[in-house]
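Common to both upcoming complexes is subunit A, partnered first by subunit B, then by subunit C.
Up next is the complex of A and B:
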């Protein structure tokens, strides 16, 4: 009874047609990357130049200068001596254990990726808050981005752009951008309707409402999103090292393949130290700029 | 009477995904509940027609869900209407394009909100100056203007504070200053005092009345509190389930409620505080001008009155009684001039509430004369007319 075998066996696609289907897509994509790869690569050239320049800047500057700048930034952002001293201690330890250059490389890629995520994420979040339809579409895309294993979307990126810094940044941005988009959208939607109505009633234009009311009032949420984006970018460092991104991820990768426990641990701890520094810094900075809003919620 | 400033004609608002499709049902006169059950659309406002005069405080009163907050948002199109027309001084508000609407909101109308609607990230002075900032007024000028208005509402010295640092009453003063700062001639007040506690609320009402005497804005005031409506309103519209029940002066609402709904509302009102002398006063029964004593006595007897109000030309001089004249005539060297004989009696102002007149009227047997600011005689208030005004709801209550 061959006709009823679908009751016991899933009526799956014919093996050969499945292979043909895969071949078709692979060939199609390969064709696409062959004909447009160079064009797309040159589109990303300015990014590459900037990445290289920024990494060189961090590595070639004397260590004490970088340390000084970081500490001053930490103090300006947080106005906390304790936090600033923590930054100094963390960097001194990292340098002492010989991970300075890799840490600088990782920091450069994290900073660039975060800036890109913010620059892309906030406008997308604003768009999303403007229309329910845009929200539905973007939400679905974000869900896919967040659940799709990172390795899977690394494949087409590597096929298109090869291995190196630019595909690394793209991978990190894809992985890290969802929080800033989601929380920008949420923050704007949560703005007190009466305050927005007041702005409208006094004749504010759409732009005046966005810049003068919606974004400032959504800022606590946006800052939380940026904080999460930084954390996720750091988490992506090890995976990004698989496509040739230099930094703290590569020694970790080497440790996994060669079972160097201590080396892995040290580099892992360096990533953790960076994460804590960036987290505390961005949070302290957010708290400081949102002081009066904090009062409102405190009541 | 001059042309009304704001005219509303056949205004409808239906909430739901496809209001235009449901509108014919509303126009047919189908019931609100029926439309909701059949189409899932809510009728917010149903055939509103209003005329609002320049310089009036026009109060729209209704309970929650009556559509009053929807109505006020149609004036400056924070909500779009389904059908109908609003004209403000000849401008058809519904036909304005985006830019024109922004200009209209900037220059013609300002708004005060129930929960203040202040921007928590701006200081008090920046909040007050917000309307001018939107208009692109130079920072120095707008800050100076805002400081003046802040002083007017009694908050000088709070410029650099954030709204969250102020009390509710203070925040609403900021809201009021913000509304006045743009110098728009129409003020929309959406339950502006409802979130404040009673003492602060009556303070704010007084302040509003006081400001209005100087500024002569046209104020549209939304409230769910009839006492508030009667206290500050020049005219009152009562809204029920999106329809107007009655529009009129406070005393008309109070003394001639149009239907059971309004009737139920006004039953609990303290009429003695709301009704004033000019509502119940009547012309005096016996008016005596420069007659001699005999003639006066004859007039009073002719009308079977024990007393009369004495006038010299048009000026009120006092009250005389038959007894008083008779005594004067008996004495040989008695007074012969009626105006000299007239006794000074306590008088009241046309705006005096009845509850303040009652004690005075109990002390004297004659109706109390009503005298306005210029000393002109307006009429008299008798105990009988006061009592009937205070109690006719109970007497005439519909069965």
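Up next is the complex of A and C:
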């Protein structure tokens, strides 16, 4: 070993200590999962029960009933005949090509994940908008969540909770929640200071200002965040199926490993169809709820 | 020849004219680094020996049984699959060999690979009947399904793997569904291994497909479930290994031949390096020892390769000439 070796080669940690370090953390995690795994699993049990129930509901209801409900929801959300007819056509095609059950499975997991993301994301976003320090911390965490390769946290989750729906939902939420948090934060921070002052002058409390002024004015941004969250949740379908979540992701995986191109394409297109339906629906819904903002936004 | 350096077609042309000289310097070789430990170890060893012993410009590319096998047949790339489990890839492999696209260099695992349905050893210690399929059927309630309390779980092979066909057909042949079992698709190798690890850490019941030699079976002791019948090779090839098998019958997994497969191009281009591949083989005992070492030290194929070359010279020096052995020994970091 020449003395200058650190000049040419990076002075890296000794391989054995590195392995010891890795082994130490792994053993620690294993210990943790052994002692708390069951408790954590039972904590998520209600979520699992709900997921199973919701999936069964979607699959076991007659197809026309699901179709009808979806169409009515689409119409109520958008008040657009064209969009509603599009929804009907998309679902009929999906059913005709034999992907109905898998689509229902995927839809149930996406809906639950999205609702969970919104329920967790909006409060975090509000908190973030209140304090610059919180914003700095949360932003870093969000960056990690969005870029960390999914399998890095998926396998520890599998060791803790097993394979199936709950780890799947966790994976999807981790990946999909950042937009709704970021845009809630941004939306609230963009609300005019003068509007807030006016509200304070009228004697509005902090809560009243939040619910009556900040959130409604931030709505366009929050809706954009929710929309992005839905899209990202759908993008995770295939990854989630790698830990045993049933749905459209599994045939995609199967077709990738076997080079069944058409099968992959069909199932991929079904995911795209779901994405488009959810996207247009949430956008139309957002536009309708924000009609009163038309003058403010100058649309 | 001056022009040849600048003109791609001329390079290819000269390469076609001078296969003999190309053999001496074996050129660029790609090896499939499959995503499980034994194959990764083997690919790393091959890469090292080809590079330092035979002067090949050897490089690893990620691989997996089906995509690698298909790509080798269709595109002639990668050049070498160091550990190809052939028993459900039989037809395509035979076709590739017959069409002179592939060459089988030899067995990478001389004992062959072992597949089957397994239960953890601690369960069999408690109730020896669980080592048989009858006992499993009777105690189906033990193997709780992760999502449905009314069902029992059988962890099958991940979607798209060869073993998905065989394990699915055997699941039907054994009529496990009648005993309340549901075939759970773990989605990926990592998912399947994770489910075993989760069960084992908590001494929970587990029943599913796995294979050996693997680090998982080295680390977590499992017992192969006896189906109460022998191996029916003929039926296996005709039906169980086929996706469209109508009436699968029960059979144990035949020990599968695990082969080193190369493209015809590589075999004819570098006969000496090919010769090494025909001799390179692991017994299961040797492989298990190395896999256990990998598990214990969290080593990847790269590190384990070094460990192997340093500690098992008696084994690998039989695969190469004395001259090559010396080259590799000097290349090894001290």
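Observations, loosely collected:
The definition used in the following text is that the second predicted complex is superposed on the first by the 297 of 299 C-alpha atoms of A that agree within 3 Å, B and C clash if a C-alpha of one lies under 4 Å from a C-alpha of the other, contacts with A are read in each partner's own complex, and residues count from 1 in each chain.
Simple rule for what comes next: contacts are C-beta pairs under 8 Å (C-beta built on N, C-alpha and C of every residue); 3 or more make two chains touch, one makes a residue touch a chain.
This is a predicted model, so every value here is computed, not measured.
With the C-alpha superposition on subunit A as described, subunit C and subunit B fit side by side in the combined arrangement. More residues of subunit A lie in touch with C than with the remaining chain of the pair subunit B and subunit C. In the superposed pair of complexes, A:148 makes contact with neither subunit B nor subunit C.
Looking at the shared chain after the overlay, A:22 reaches subunit C, while subunit B stays out of its contact range.
In the superposed pair of complexes, A:202 makes contact with subunit B only, with no contact to subunit C. Contacts of A:163 after superposition on the shared chain: subunit C is touched, whereas subunit B is not. In the superposition on chain A, A:115 makes contact with neither subunit B nor subunit C.
The gap separating subunit B from subunit C in the superposed three-chain model is 45 Å, by closest C-alpha atoms. Shared contact residues on subunit A (touching subunit B in one structure, subunit C in the other): none found. Here subunit B touches subunit A in the complex through residues 73, 76, 78, 102-107, 109-111, 113-121, 130-131, 134-135, 162, 164-165, 178, 182, 188, going by the rule given at the top.
Listing the residues of subunit C that touch subunit A in their complex gives 64, 66-67, 70, 146-148, 158-161, 164, 184-188, 190-191, 194-195, 197-198, 201-202, 297-299, 303. Residues 15, 19, 22-23, 26, 30, 33-34, 37-38, 48, 51-52, 151, 154-155, 158-165, 241-246, 249-251, 253-259 of subunit A touch subunit C in their complex. Remark: subunit A residues 192, 194-195, 197-205, 208, 212-213, 216-217, 292-293, 295-296, 299 touch subunit B in the complex.
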